[in-house]
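Following this line, the structures themselves.
Next come two complexes, and both contain chain A; in the first it sits with chain B, in the second with chain C.
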Partner chain A sequence: MRYVKITNEKIYDFLERLKNYGKLYAPVKISDKFYDRKEIEDVREIAFEYIRTLMPAKKYFVSPTEKMFEIDIEKGEYKETLENIEPFVIFGMHACEIVGLRILDGVYLDKYPDIYYKRKRDAGIIVGLSCLPDEYCFCNLTRTDFVDVGFDLFLHELPDGYLVRVGSPNGHKIVDENTDLFEEVDKNDIDAFRAFEEKRQEMFKWEGSFDNMRYILELTMEDEVWDEEVEKCFGCGNCTNTCPTCRCYDVQDIPDIDGKKAKRIRFWDSCQFRGHGLVAGGHNFRGTKRDRFLNRYICKNAYFYGLGTSYCVGCGNCTYFCPANIDYLKNLMKIRSMTEVKNG
Partner chain B sequence: MDNIYSLYKCRVLRVYDLTDDVKLFLFRFENPDIAESWTFIPGQFVQLDIPGLGEVPISICSSPMRKGFFELCIKKIGRVTDKIHELKPGDFVGVRGPYGNGFPITEFEDNDLLLIAAGIGMAPLRSVFMYALDNRWKFGNITVINSAKFGKTLLFKKELEAMRDMAEAENIRIIQTVTRDPDWPGRVGRAQEHIKYANTKPEDAYVCVCGPPQIYNDVFQTLIKNSYDPRRIYVTLERRMKCGVGKCGHCIAGSSTFLKYICVDGPVFGYYDIISTPGLI
Partner chain C sequence: MSLKIGVHGLTSCYGCQLKMASVKEIINIARNFDIKYWYMISSKGEIEHVDIAFVEGSVTTKEDERELKIIRENADILVAVGSCAIHGGVQGILFGEEYEKAFKEVYGDKKIEYEAEISHPIKNFVEVDYNLPGCPPEEDEIIYYLATFALGSYPEEKDYPVCSECRRNGYPCVLIEKNDCCLGPLTVAGCNARCLKYGISCIGCRGALEEIAWFDSLAKTFKEKNMGEEYVKSRMEIFGKQYEKMEEMLKKVFENED
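Up next, the complex of A and B:
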């Protein structure tokens, strides 16, 4: 891998230059408690210290609503609607979210590649940013705390700047076209990088392996430990919306007023909604609240063959944003009887 | 890059009432290149589209041997299927697919074949049956057990009845049975009660089962009691579907150790997949 360094003095120049490669999206602080990603005018607005945003970066690749076709009902003709996509740069994605994006790649770019997703993925440049975990993070357990592919550049915090890993041809191009911003990595930087990684590992609240979780979960699905949690859940779908790897969508044809034309749109759906498993004739494959509640745990803990991890990347969003204070990790720890809290 | 959600234009050629609420449709592709190249495996399905209303997954119920044409047997049960039932010869629909794994039909070759259907389950199994008839020399003895509640809801009743003479000559046994029809002159009882009358040799047979999920356990038990090999039992499953290509997540089923997209990994599953996975049936 190619490594370069950028110093703190040059970081805002760098961010400014990123705009040459497309619209720049980055996290900004929007209230006391929350950050969100938005298009950046003034690069000094960018919140480097953010841990999670209201919406994961998946929204740039899987739009909350997306027009797929324009349909001429009378003629029975369909015209695909491929919106114009400008190049864009997402600054500041953390490791978990980048792994999450690769999981989405596995879903959307499999043997049936999805053109709407592909076009956005091709247009997006990803600049990763190192982070220090809060009490909701558990990406160390899901083995998604460090990412080796899926980004163009990845910035690791140093005392006086950032060590940059260059992860793609686009990443190399950015470095090569802006050599005035970058310098060689020296021995002190490597030591600092190592120290940061060590400190980061120390900060995770839990340790151990999650690899057997899917089996324990399967074996305890009937347990009453779930009852109370199921009762608490509002079925609002915040957890799936804010999950970097949840991607269910529904499709609808919206007719124009005269009924001659229609738009086929797709929009985010959630397995926490009653209609998700409902079929004609009234049977529901996820008919009870318990079915729906557990479906998310099942799905997120399943094995994603493409990466050898689970579909959950340990970001903690689902817990952080749950209005019913349902703690996803604690629930799993309960059935796993995992008590190795390091920094409780 | 192609758009996987694009639809092929297909023309309705024939509409035939199978029962009060099930019709059989014959389609052909408009585009000659597609007609020439399009093929499928029995057990696969298509997404059938009514412009302005949406798509529904429907199993292909004809044999893949007839190029450019295919049949669907569709029950009227909701928004899109209501509209499908209004289609007339000459009308156009959109179709994409075929999707799903289908039955491991080449593995079936040189063996006996037992097909067990309940209700609308006859649709995908008819495709297997028609394929086996078109390739008669590749298969051993064949039995079809077609079951329904009433005589008038038995799918393909007349077609199967009409085959009886040919069947006899070809070592094919056709068993049609109903569960709740006192006026039915033929066999009565649930599908599994007729497994013992099949002409298939248990140690040598592949079994395909399709029907409402509630019947599966009983059918499995009867098959195993009659010495059929559990490794050779296949079923097809149903779920809500929106995309058919493993994207929309609606058809996801199974458990955390065996999470499957019914549309891509299925709809056909083996007996051992079923019994080791909570939530699959």
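Up next, the complex of A and C:
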């Protein structure tokens, strides 16, 4: 892998230049407690300190609502709506979310690639950013705390700048076309990088392995520890909508008033909603709130063959953004009887 | 052949009809449907057989009840429009003794022409085929319902909460952030989280989700955020009074002191 360095003095120039490669999206503070990614005009608005955004970066690849087809009812024809997609750059993705995107790739880009997803994925440049965990983060348990693929550039914080890992041909291109911004990495930088990584590891609250979580979950689904948690849940879907790897969508056909044309749209769905498990004939595979509640735990802890990790990347969003204060990780720890807290 | 439709109002503010009459595509509605009855648009017309009758308003008088039954007898499909028709509306907040008291306060011993009653959703008197929720309904849903009927299909009613649209739009959650008494988690989506766009918590005007409005879970969280029973109840009741289970669910939470 190629490593270069950028100093703090040049970082805003760098961000400004990223705009040459597409529309720039980065985290900004949107309210007292929340950050979200927005299109950036003034690069000084970017919130480097953010930990999580209200909407995961998946919103740029699977739109919350998007048009799929235009349908000509009279002719009985339809065509895919393939709107022009401009290149774009997402700045500041943390490791967990980059792995999350790769998980989405595994789902959307299989033998039958999802054309809407693929076109956006091809147009997007990913610039990663290192982070220090808060009490909600547990990517160390899910083994998604460090990424080796899935980004074009990845910036690691140093006392006086960033150590940059170059992860793709596009990444090389950006570095090569802006050599005036970058310099070689020296021994001090490497020491600082190592120290940062060590400090980061020490900050994670939990330790242990998640690998058998799915099985323990399946075996304890009837357990009464779940009763109280199910009772607390609103079924509001905030947990899945803020999850970087949730990928369920619903599809609806919307006709025009004269009945000649229609459009097909898709929009984010959630297994926390009753309609998610409803099939033709009126049967519902997840007819109770308990079924729906547990479905998420089972789904997120399934094994993703593509990466050898679970579908959960340990970002903590589902807990942070749950209005009912339901703690996903603590619930999992309860059934695993794991209580160890390293640093409190 | 265009579908014959009728639009009717019982006891309500007539906001739903007004919304239906003022949609951008009203001309196309007039072109593509055979409007047999719609008092807001034309004083002509008597109740006659239609393919679809849209009924706004709740039943609060004997006259409402009589009219509703005639509408039902003359319609193949009946759609309840808006919170009054679907849940009894804001006027449904008065029940039992409270109702008697309020009635006395307003009318005293005066004799009034019509026989007034507690406000009821129309489903208490006739079979309702579809609900078109809202207070008033949203333009896109009005068109969607009409258009699907015109195609010989039917509308898919939303069965998920306002939170879904709040999140899809990226509005900050006021329940988490400001400890606001937001009723989005139990309210039928479709308004595109209209109030949350302005950071105002949802009051539940579109009505609670049938069977899956967890008044208890939400009240438990509100209680943990130090909101009192009276306050929570008074907010939930505005549009939720007609949910049989609401009182019981709230009682369970607030009487259980832990």
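Everything that follows uses one rule, which is that the second predicted complex is superposed on the first by the 344 of 344 C-alpha atoms of A that agree within 3 Å, B and C clash if a C-alpha of one lies under 4 Å from a C-alpha of the other, contacts with A are read in each partner's own complex, and residues count from 1 in each chain.
What we mean here is this: a contact is a pair of C-beta atoms (placed from the backbone, for glycine too) under 8 Å apart; a residue touches a chain by one contact, two chains touch by 3 or more.
Everything numeric in this text was worked out from a predicted model, so none of it was measured.
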**OP:** For A:R165, decide between first (touching chain B), second (touching chain C), both and neither.
**Re:** neither
Original post:
Who does A:I71 touch here: chain B (first), chain C (second), both, or neither?
Top reply: first
**OP:** Based on the superposed arrangement, let me know which partner A:K10 touches: chain B (first), chain C (second), both, or neither?
**Re:** neither
Original post:
After lining up the shared chain so the two structures overlap, which partner does A:N241 touch, if you call chain B first and chain C second: first, second, both or neither?
Top reply: second
Subject >> chain B versus chain C as contact partner of A:C299, first or second or both or neither >> reply: first
Original post:
Looking at the overlay, does A:Q252 come into contact with chain B only (first), chain C only (second), both, or neither?
Top reply: both
Original post:
Which holds for A:R274: it touches chain B only (first), chain C only (second), both, or neither?
Top reply: second
Subject >> chain A residues touched by each partner, larger count belonging to chain B or chain C >> reply: B
**OP:** Tell me which partner A:R121 touches in the superposition: chain B (first), chain C (second), both or neither.
**Re:** neither
Subject >> On chain A, the residue positions that both chain B and chain C contact, one per complex >> reply: 73, 252, 255, 259
Original post:
Within the complex, which stretch of chain A touches chain C?
Top reply: 30-34, 36, 54-55, 59, 64-65, 73, 231-238, 241-242, 252, 254-259, 267-268, 270, 273-275, 289, 321, 323-325
**OP:** Enumerate the contact residues on chain C facing chain A in the complex.
**Re:** 25, 28-29, 31-32, 143-144, 146-148, 150-151, 153, 156, 159-161, 163-164, 167-170, 172-173, 175-178, 182, 184-186, 212, 214, 216-218, 220-221, 224
Subject >> chain A-facing residues of chain B, complex >> reply: 1-7, 9, 51-55, 77-78, 81, 92-94, 238-240, 242-243, 245-250, 252-257, 259, 264, 278-279
**OP:** Over in the complex, which chain A residues touch chain B? Could you list them?
**Re:** 68-69, 71-73, 76-78, 80, 107-108, 110, 112-115, 118, 213-215, 217-218, 221, 247-253, 255, 259, 262, 264, 266, 269, 271, 276-281, 285, 295, 297-299, 301-303
